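Chain nomenclature is as follows: A, B, C and D, assigned in order of appearance, with residue numbering initiated at 1 for each chain independently.
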Amino acid sequence: MAELALRMAFSLAQITVVMGVIMLTIMVLTLAERKVLGWMQDRMGPMEVGPYGILQPVADGLKLFFKEDIVPAGANRFLFSLAPILALVAALIGFAVVPFGPDTTIELFGIQFKPFIISDINIGILYILAFTSIGAYGVILGGWASNSKYSLLGGLRSAAQVISYELNVGLAIVGVLLLAGSLSLVKITQAQAGWFWNWYVFAPPFPQLLAFVVYVISAVAETNRVPFDLPEAESELVAGFFTEYSGMRFAFFFIAEYANMILVSCIAAALFLGGWNAPYPGTALARMGFVQFAWVENVVWFAAKVYFFLFLFFWLRATLPRLRYDQLMRFGWKVMLPIALGNILVTAIAAYLFPR
Amino acid sequence: MKFKAWLKTITFYEILVGMAATMRHLLRYKPITLQYPHEKRTLPDSYRGMLALLRYDDGTEKCVGCDLCEAACPSRVIRVVSSEVPGEPTKRYASEYYMDMTRCLFCGMCVEACPVDALGMTREYEWAVYDKRNLLLNKQQLLAIGDRSYPVREKRLEFQHPNVAFFNVAFKNLPAKGT
Amino acid sequence: MAVPVSYYVILSAIVFITGIVGVLIRRNIIIILLSIELMLNATNINFVAFSNYFHNVAGQVFVFFALTVAAAEVAVGLAIIIALYRSKSSINVDEFQLMKW
Amino acid sequence: MAQLFFFYLAGIIVLTSILVVALRNPVYSALSLLIMFFHVAGLYVTLHAEFVAAVQIIVYAGAILVLYLFVVMLLNLHREDRYHAQFPLATLLGVTILTEVILLMLQRGDSGAPVATPVIAPPTPAIGNTEAIGEVLYSTYVFPFEVASLILLVAMIGAIVLAKQDLFEQKG
């Protein structure tokens, strides 16, 4: 019983730390997005709060926290409150299986713990896919419960888009799963150790470059980011499904969107870019003799890969205009889906001919 | 040609060009933003800002209450109530003068129309208010604006050159010869 | 402290009966389809329970076939609902009597 | 512990499935069905069927129920006024089947002890749940698997044909 309590306490501590890091990252991202967008468009971004505007996220958070919480007339009060919570929970729950660092164990009070992996379940990828698909509920219910036609249209668009592109995400991942032979994110990452050509983007026998491209595009679409931000197209639908939301409930949707971005970036880093592995075998710190600090380098590599993807999101947003809705659907079903299926076919043949 | 277009499509060539452009702007970061409340642009010479009523150098109002500005205004901003100067039946003045600046479009026609140059356009533009009614300006407010924007005042018409005093109204707006 | 398999059977029976009752007493076609989902889930619970009981994954494989059928049913069923709603602008089952003599 | 989990999950499953039938707002019905799917998935996890649990959530909760909600919102349905008049029939059927099941259970006197020895030996524990399912699905059940894919194809085409109004109308 004591062991169980200890394990639960440790897991709770891990969850707290991960949540804290994610919330911090989201705060940084809200500022970074506006800054990067501004710089790319020859603007400055927020400059008022604090030196160079670095306290802007705090100001935003305070504002949203103290803002009046309006429930529109005729809205379904229960579902209106439920929708942001659903969206946020679905976005945050996926981090439980993401390996943030190497698969080392530490011993504390006579029990083995894995400090960087909250839980290594053998269906990790499926778990993440399952809970990202729940995110659509928050969107669609929020759109419906607001009793507003813009919200409803945004919610319906979002549901169609998320379902369509979730399929492509799943199929793009299958190629990696074929090569790795496991659904556990930890095992998949471990299989990519060594030089960077062992990463599944470049991996022999068949590089998953196509799957990577399909995954990135579909992930952008699934998180409702520009250029696929049709559910919240400002110029057409005011703000999409959260038109009627304000205050903390709006903040929940906002945090959920950013958490989803971080999650898909983590998955992309773990599946295609080798996760915590450095592009060279082992770690430089371990070679220099600091074996017990090798995890620092691993975690830094993971963070670097995740932040590269997050930067890619901003970069795309600064560059590309929004697609039309039928273009989006046609692109998803007629271009991305065949490519993903073809990739699975070729990868399966290659994996069969050249077993690793 | 067709093959080339196809190749461009599948390699996302156009998108990559666009992304290179945005990246170039990120690397050579030269903002064109003006941090407005802290930095202000230098206004052009012919800037048309807030309207103001002017005075002569002895402190008397220039306005003679002729209503021409009211007639010239396209959006009916101005309302003039003119009355006689007490004791001098030939002279008039504006006993009340209102400008509803919520409607003003700063065209400057009232300034052009004024025969005695009693109206002027200042360079003030920070006139955002919380209450719209604060933009209905009366004569005292307009004169105050004129006082702070035109520190150098004109002499009274009678004390200027006799020829100018003879013609007395807006000599610069006379039609050109031969028309 | 293992759970006897009979508990699972009773659970799935209750869910199945709820589904039957739902099909019979509701007028809304969508709720009727949801009740059918309930019944399919009841059978799935049984499959998985017995798969665990006999240590044989064949039961879980059958869950996949049930899932396939459920997905197919939803696609066709909802398409039919939309078609019906277009012609009748209602989804009350009592109003679809065209095939009744 | 296991029984505690079972009774919690079973209780919620029964409650939500009754709510699905009883609630008058279709959206609430669909949401209670969502809760039920999650608890069924939890039940699968306690039965060591993690893969089925994940697929349950992905397919049922992530796709099927979203489609239901989609249609409910598309048609903008309002709450239903009353139930169908088939209460006696439903009660009769329900009570009959329930008593049947309980009678069968009592007759066997089953209390958890295996009735027959398991026909197939338990798979080696080294193979995970997912691999075991894959092995069986692609060896013993290849033909049903192909048939299932055919069913899905037919359903997809059928749904498109049914839902798209002007598919067969001549243009011009």
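Operating definition for what follows: a contact is a pair of C-beta atoms (placed from the backbone, for glycine too) under 8 Å apart; a residue touches a chain by one contact, two chains touch by 3 or more.
All of these numbers come straight from a predicted model, not from anything done at the bench.
Centre-to-centre spacing of chain C and chain D amounts to 6 Å, using the average Cα coordinate of each chain. Inter-chain spacing, taken between the CA centroids of chain B and chain D, is 73 Å. One finds 34 Å separating the Cα centroids of chain A and chain C.
Distance between chain centres (mean CA atoms), chain B to chain C: 74 Å.
Shown for chain D are the residues in touch with two or more other chains, namely 51, 55, 63, 67, 74, 129. Viewed as a network of touching protein chains, the structure reduces to a simple linear path.
Interchain contacts (touch definition given at top) occur between A-B, A-D, C-D. Residues of chain A touching chain D in their complex: 76, 79, 121-123, 126-127, 129-131, 133-134, 136-137, 140-141, 143-144, 152, 155-156, 159-160, 163, 166, 183.
Those residues of chain B lying in contact with chain A across their complex are 15, 18-19, 21-23, 25-26, 29-33, 35.
Taken in their complex, chain D has these residues touching chain C: 1-3, 6, 10, 13-14, 17-18, 20-21, 26, 29-30, 33, 36-37, 40, 43-44, 46-49, 51-52, 55-56, 59-60, 63-64, 67-68, 71-72, 74-75, 77, 80, 82-84, 86-87, 89-91, 93-94, 97-98, 101-102, 105, 108, 110-112, 114, 118-123, 129, 132-133, 135-137, 140-141, 144, 148-149, 151-152, 154-156, 158-163, 165.
Listing the residues of chain C that touch chain D in their complex gives 1-7, 9-11, 13-22, 24-28, 30-31, 33-35, 37-38, 41, 44-45, 48-49, 51-58, 60-61, 63-65, 67-76, 78-83, 85-86, 91, 93-94. Those residues of chain A lying in contact with chain B across their complex are 36, 38-44, 47, 315-316, 318-320.
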